[in-house]
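Letters A, B, C and D mark the chains in the order given here, with residues in each chain numbered from 1 onward.
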Amino acid sequence: MIRQERMRVVKHKEIAHNIFELTLIGQLVHDMKNPGQFVHIRVSESYEPLLRRPISIASIDRETLEFTMIYRAEGRGTTILSQAKPGQEVDVLGPLGNGFPLGQASDGEHVLLIGGGIGVPPLYELSKRLVDVGVKPIHILGFQSADVVFYENEFRELGETHIVTVDGSLGHQGFVTNVLDSIAEEVSTYFACGPTAMLGALQNALPDTKGFLSYEERMGCGLGACFACVCKTTEAVEADYVKVCSDGPVFPAGVVRL
Amino acid sequence: MIRQERMRVVKHKEIAHNIFELTLIGQLVHDMKNPGQFVHIRVSESYEPLLRRPISIASIDRETLEFTMIYRAEGRGTTILSQAKPGQEVDVLGPLGNGFPLGQASDGEHVLLIGGGIGVPPLYELSKRLVDVGVKPIHILGFQSADVVFYENEFRELGETHIVTVDGSLGHQGFVTNVLDSIAEEVSTYFACGPTAMLGALQNALPDTKGFLSYEERMGCGLGACFACVCKTTEAVEADYVKVCSDGPVFPAGVVRL
Amino acid sequence: MNRLAVELPGLSLKNPIMPASGCFGFGKEYAKLYDLSKLGAIMIKATTLETRLGNPTPRVAETAAGMLNAIGLQNPGLEKVIAEELIWLEQYEVPIIANVAGTLTEDYVEVAKHISKSKNVKAIELNISCPNVKCGGITFGTDAAIAAELTAAVKAVSEVPVYVKLSPNVTDIGEIARAVEASGADGITMINTLIGMRLDTRTGKPVIANGTGGLSGPAVKPVALRMVYEVAKQVSIPIIGMGGITTVDDVIDFMSAGASAVAVGTANFVDPFVCPNIIDQLPEKLDWLGYHHVTELTGRSHR
Amino acid sequence: MNRLAVELPGLSLKNPIMPASGCFGFGKEYAKLYDLSKLGAIMIKATTLETRLGNPTPRVAETAAGMLNAIGLQNPGLEKVIAEELIWLEQYEVPIIANVAGTLTEDYVEVAKHISKSKNVKAIELNISCPNVKCGGITFGTDAAIAAELTAAVKAVSEVPVYVKLSPNVTDIGEIARAVEASGADGITMINTLIGMRLDTRTGKPVIANGTGGLSGPAVKPVALRMVYEVAKQVSIPIIGMGGITTVDDVIDFMSAGASAVAVGTANFVDPFVCPNIIDQLPEKLDWLGYHHVTELTGRSHR
């Protein structure tokens, strides 16, 4: 069920340059299903900024009813959000969208989790859930530079992890696709989230591997009603288009026309 | 000199129903001259609400560089302002306008200070300054009802004080003009601040007494540049109009056409 | 007796609150959040003769207290809308206002003719004001003669009352309103979006792929309110007002200016429960204002 | 060499930033806050032949991310403006753009003729777009033929270049722009305010005594930007852009859309130091964008 709830801030801290980790508590967590789902956040009561901001769910704790997001404070809305103090309430709409499919890989299999920048967060909950069922995740995490890298250790604890930075200030220099070849293991499936350009490159690089990609689009409603977030599809599927907010944000490789 | 300064909140508390007392500290206090001047406050960084809010200076402490305002949280802007916490900064433009003239009454003389609702605050600093020079203020303070009465004791400490409420829930029932007759002493001058209707009634009730009235008008700039706050004048003065923000807000009785 | 009920040509509204066209799809998504029967009516997404895939993305951009959109009338087309969307909506007790768009007069006529036969379609909203399509749409809405002609053509075939949706991007909106009234419009809905633009400061290029987009949200309320006020003075057919409505106070303002009912658009994105919330708040607001029935609000600014 | 300097007909601007007419009076008040010589230019309050006392109050009302005003062209009249205000302004090294308004063509002509003789008046801004006066003003700005005629009449007598200030309350602003260009306008300034309204929710009556007012501030930026973008494509005379400019990024956007310089209005009320602040921020912003000179920004959206 989708709810709108004023959730309380439990923890909020800057974990890398302008990258914030925000933990909220509330009933809404009950309804969070798959990793890769997102929430739509109203950052202030004011009419300015007006629209909600879509942010992925980075980890879920059903026991404590807490969930965590990781976001970059760049524009007006996220900068305001970054000032929220513990105890304060945040207006959250969610959970929204369909996340990454679980049960695509089975016990003992290796899978690739590939994230770019602020596309990395949803992969964390995904990785935890895969590890729970014995799947062996290999993480390839791309960032601009060392100062915006986050969750390196958290991912290492879950499995093999490769850090890639555009400027080479940490890990491999270049793009996530550069390290694909260096992956020794046989992988059955890959899961990716990041800039559209990265997703496109991955599809080309891994044509014969089953893949699931999480897309970004500007949103209005976040519910599927306004047709703001539409992507054209390939001939592979029947529908002429898909909505990132309600049909996605995750789609199997080859569905979205790039 | 008029300055724009981010002043720090020292104290902020609700002293009556929706009536807040806000004390700010900063260099701007250096330039505060006469009681009756006001400041123009930006209540948030957001574009909504957009305009500054004019609020009178209720008391000034040059030693500590602190000043206090008393305001009613009614609309959007003042309600947001009422949430400011100690330590937080508030964007203040001021001091603005010309306040009540001091030195109109001399040692030992009685004067009337008449305030209505949120027009009461500026009279407090005025009363203190008059008492400093030996003038004997008599206060007539009008409010809607008992729950919005404030500073009764503060005024009593400075001189004879009559509280009037429209619903009679405290002090005399009715309007400030009703108690004028009950004032025994010979008064040389009266000073008033409140709704325009009240100011008009006072001018009629005290035709032969020297009076100084503080007016309210919707403002844009607060500086005298936009012509938002003009009032037509009477034949008594040469100018066709006056600006409440820069020529006022205080004018001698008989200047503003009502 | 229901204090919120409003009777308009073709429409028996249990309350004057309805979602605006394009901001509510065909209702399915919001039906997951609350019972659509609670609404006074539903203005469905613009329907065209053929399937439309709309404009490239980005299609929306945020502005100060508002947003720009250039969806481009994406919709599954007349057939699917009737067979799938409208049939599905029949499960709710709510009148549907079908927003009709097209490129040529014939398109409008064809769509209106068929869609007006649907059981739950109680009125047509003639969209002559969409700023986001290359041809059709707004071109009909900025010329009084053309608007009148189209209105007459659609009136001739529609089996339900026709409301004409006016564009604010005109010099004299009263002239257009009078023209469509004269040619048989049963009511007016206003306003559609103001044409606007946002640039990416870094690149200097438009944020919205279409270049320009339609401005909506609280930012446009003063313009919308003034236009409703003006048109209310010049026509005698009812007005459904919209443009930035977000709170129950906004509803009061639009009805005071002369609207008989109102539509809520962009606010649905900010708060998906805004319509039911406003409906719940209306009675108390009426008490506060000292009115018994919501219809007493209409035109009070002019009295 | 000055990276911010801009050369326009009659105007040698040390930078492209100037306060908009009516939001800066005649400069006296802001002169107490900073040195007016810092400004690229000053657009003074509208000047009419005779003294005008303007509209009754309230004259302003706040709206979402904007404000409404109906000052009503209050000003001391031509004689006093020349004898007192303009003379006083001579102490500053800043070109004055004289905003001229009137009721009849003769009024405009008379004012332009005399005020253009003032030493520091380097250009006339023909205000054919004031929405807040019963006659004159906007009536000239909504009809291309009338606008063109007035422009020609004023051009004939003005001793300095004439910029025409366009109203956004029109169906096709490009048409008006082309018309005034054809009849000799040296430049265009845009936009003036959008006609809007705010009601007192309790009483249902307009907050502004005049009923309607002109909408300005961040709320109108998307509309202003789109109009500048449109007009820039259709005329070759320079444009001074305005409408909601509050930050240095807004300045970049308007110049990208095609403006050669910009004016800041409402923002002066929110932050009286906004003009000098923006001027100080411009060089760094140019570096960030990778441009050497501010003139390189003009029209980059169209390239």
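Criterion: contacts are C-beta pairs under 8 Å (C-beta built on N, C-alpha and C of every residue); 3 or more make two chains touch, one makes a residue touch a chain.
Treat the numbers as computed from the prediction; the structure is a model and nothing was measured.
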> Going by the contact rule set out at the top, which chains touch both chain B and chain D?
Replying inline: A, C
> Any idea whether B-C or A-C has more C-beta pairs in contact?
Replying inline: A-C
> When the centre of a chain is set as the mean of its C-alpha atoms, what distance in Å lies between chain A and chain D?
Replying inline: 47
>> From the mean C-alpha coordinate of chain A to that of chain C, what's the distance rounded to whole Å?
In response: 36
>> I need the residues of chain D touching at least two other chains; which ones are they?
In response: 63-66, 217-219
>> Residues touching two or more other chains, restricted to chain A: which are they?
In response: 47-48
> Can the chain contact pattern be summarised as a line, a ring, a star, a complete graph, or none of these (other)?
Replying inline: complete
> In their complex, what parts of chain D are in touch with chain B?
Replying inline: 22-25, 28-30, 32-33, 45, 51, 53-54, 57-67, 69, 71, 74, 217-219, 246, 266, 268-273
>> Residue numbers of chain B touching chain A in their complex, please.
In response: 44, 46-48
>> Show me the residue ranges of chain D that touch chain A in the complex, using the header's touch definition.
In response: 64-65, 218
> Touching chain C in the complex: which residues of chain A?
Replying inline: 1-2, 4, 42, 47-52, 93, 217-232, 240-241, 246
> Which chain D residues qualify as touching chain C in the complex?
Replying inline: 63-66, 68, 142, 169-172, 194-199, 201-202, 204-206, 212-213, 215, 217-223, 225-226, 229, 244, 249, 252-253, 256-257, 289, 297, 300-301
